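Please find the structures below.
After this come two complexes, each holding chain A, first together with chain B and then together with chain C.
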Partner chain A sequence: MSDLNTELNHAMLPHEMFSIPVPFTDYKIPVTDTVVVTWIIMAVIILFAYIFTKKLSMVPQGKQNFAEVVVELVNNLVKDAVGHHWRLFAPYLGTVLLFLIVSNIVSIFNIIPNGEQLHKLTHMEIFEHFPNFALRPPTKDINVTACLAIMSILLVVIGGIRVKRLSGWLKHFLHPIPVMLPFNILDYVIKPLSLCLRLFGNILAAFIIMELIYMAFPPVVPAAFSIYFDLFDGLLQAYIFVFLTSLYVGEVVE
Partner chain B sequence: MNGLVAIAAAIAVFTGVGAGIGIGIATSKAAEGVSRQPEAAGQIRGITLLGAVLAEATAIYGLFIAILLYLKLG
Partner chain C sequence: MLLKFGPTFIWTFVNLMLLYFLLKKLLFGRLTLYMDNRTKSIKESIDNAEKAKADAAELKKKYEDQLRSAKDEASKIIDEARSKANKEYDSIIADAKKDAEGVLVKAREEIERERDQMLSDIKGQVASLALAAASKVVEANMDTASNRALVDKFIDEAGAA
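This part shows the complex of A and B:
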């Protein structure tokens, strides 16, 4: 029982991989595995973006078709929720959608065995000192989702001020009746909190369930469950995060 | 002490019952709405998703409390 407990704890919490020393001070910036996985995802997205937008032409062909379909999809999603001013918000929301899609389903690409498993498999001494690294979704770390939620609410505030000017934006706090002022202010605290916790909770819950299934019955069975918990749930949560953000933006901007 | 914390976490996760009932009601009404007016399917899908997501949030808060109990006290 305690063995399962420690193993689950180890998988659930982000652990420090290495640290970057700050020059002229004793302080070191810890780099967790969440950050390393985020770097890998960023590299993959940048690489794909470069490949798919190379040699653009007026008449799309080949891979440019795919890129245009993706952009069109994001534009329509934002257009439905935000309305007239969608052009201002589509690039950011599309970026967040792409990042969340890749980061939520990244654990299905986790095919490289870690150092511990290699050591068990081959009994070779070298593998014992390998860093214990696995591709786990970075969104199961609450720091990542909190960051994304704060960026979303900043988008709502800045977009609102940009579109309605400062006076118009301040007026919307008194929108239906002036008595609603405290609730409207409270909105700006509750919205990012619920966005953050929703994404974190869903991904972590799916991750824990998958981890338990891996422990209970490793062959074949996890593959079937992975389709729901990793793929379907991950894609749905990425869509919901962007959908809700664009809804909040639309509420203020319209 | 450990056992009590486990029971507390289990009670916190019971919030999922309410979320399950809420999402069930939302989806059943959405199905009814679409069968009555198939042309409004697109709009109904968006509203259903929003309702389901807001109902689900309660379950997530319960889960979050359970995880906090497990990590901080267990």
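This part shows the complex of A and C:
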């Protein structure tokens, strides 16, 4: 039982894989597996973005169609929520959407063997250092969701000031009546908090359930549950996060 | 442990900003611009086509009008020419008729005059011929008054014949 417990704890919690020393100081910046998975996800997204937009032509063909569908989807989503200032926000919201989609469902691609197995297979020393490395969703780390949520609320603030100018933006705190001022200010705390905790809670919960299912019924059963907990929940949470952020932006900018 | 904040927060910020700038350059900004340009160019093409169509229709109308007026003018010219020709024809015919009539009258007068002349000439000659013939026939009593009267009577009769 304690064995299962440590295994679950290890999977659940981010752990340091290596650290980068800061020159001229003793401090070392730790790099957790969350960050490494983030890098892998970024590399994949950028690689795909590069491949899909390498050759652009006025008459779209093949891969370009797919890229255009994705961009159009994001643009329409932002257009619906934000209105005619959508150009300012679509690239960031699209980036977050793509990142969250891949992040949340990344455990589906966990068919690669973990570090321990890779070490046995290849006898390469590098894998010995990361015996339990696997593609776990970065969004199960509160640091990531908190950062995303704070960036979202920063987008709302910066976008609001950019579009409405400082005076117009400050005035919206008194909207619709001046009595609402404290609640409007509170909004800027509650919104990121709810964004952060919703994403974190959903993904972590789904992740823990999936880990337990993997432990209990190893071979076939997890696949069926994975479709719901990894794929469906992941896509839904990614969409909800971006949709809510665009709504918050639209509320201020409109 | 679960809610421990650490350098991962900063890492995520850096990573996301990097991803944002790369994707904006590579995917969103670029493709949005591309699609906007395409929308614009398609709209321009359609507008141009519409304009060309309108121009063509206008030109067609203009040419049809021109053709119609040209036809009208041509028929007017032909009519004019025809009436002019008719008038000319009529006048030529009338002139010719008048000329022919004049010539005819003149010729008739000439013939009359010639005839009168000839008749009077012949009258004289017949008289002298008759005289000579008679004098040959009667020889001696030619100068009697009764003979003379007989000759004149004969001449008058011959002239009347």
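One rule holds in what follows: the second predicted complex is superposed on the first by the 237 of 254 C-alpha atoms of A that agree within 3 Å, B and C clash if a C-alpha of one lies under 4 Å from a C-alpha of the other, contacts with A are read in each partner's own complex, and residues count from 1 in each chain.
Keep this in mind: contacts are C-beta pairs under 8 Å (C-beta built on N, C-alpha and C of every residue); 3 or more make two chains touch, one makes a residue touch a chain.
Keep in mind that this is a model prediction, so the values were computed, not measured.
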Open item on the list: Let's test your reading of the overlay: on chain A, do chain B and chain C clash or fit side by side?
Closed with: fit
TODO: With the two complexes superposed on chain A, say which partner A:35 touches: chain B (first), chain C (second), both, or neither.
DONE: second
Open item on the list: Just to be sure I read the superposition right, which of the two partners does A:202 touch: chain B = first, chain C = second, or both, or neither?
Closed with: first
- [ ] Go through the superposed model and pick first if A:194 touches only chain B, second if only chain C, both, or neither.
- [x] first
TODO: Answer with first, second, both or neither: which of chain B and chain C does A:46 touch in the superposed model?
DONE: second
Task: Partner, of chain C and chain B, that touches more residues belonging to chain A - done: C
- [ ] Report for A:99: first if it touches chain B alone, second if chain C alone, otherwise both or neither.
- [x] second
TODO: Identify the partner contact of A:243: answer first if only chain B is touched, second if only chain C is, both if each is, neither if none is.
DONE: first
- [ ] Could you say whether A:151 touches chain B, chain C, both of them, or neither, answering first, second, both or neither?
- [x] second
TODO: May I ask you to decide whether A:80 touches chain B, chain C, both, or neither, giving the answer as first, second, both or neither?
DONE: first
Task: After fitting on chain A: smallest Cα gap, chain B-chain C, Å - done: 6
Task: Shared contact residues on chain A - chain B and chain C - done: 13, 204
Open item on the list: Please output the residues of chain A touching chain B within their complex, sorted ascending.
Closed with: 9, 13, 80, 194, 197-198, 200-202, 204-205, 240, 243-244, 247
- [ ] Sort out for me which residues of chain C touch chain A in the complex.
- [x] 1-9, 11-13, 15-16, 18-20, 22-24, 26-32, 34-35, 37-38, 41
Open item on the list: If we count contacts the way the header does, which residues on chain B are in touch with chain A in the complex?
Closed with: 46, 49-50, 53, 56-57, 59-61, 63-64, 67, 71
TODO: Could you pull out which chain A residues touch chain C in their complex?
DONE: 12-14, 29-32, 34-35, 38-39, 42, 45-46, 49-50, 52-53, 56, 58, 67-68, 70-72, 74-75, 87, 90-92, 94-96, 98-99, 138, 141-144, 146-148, 151, 204
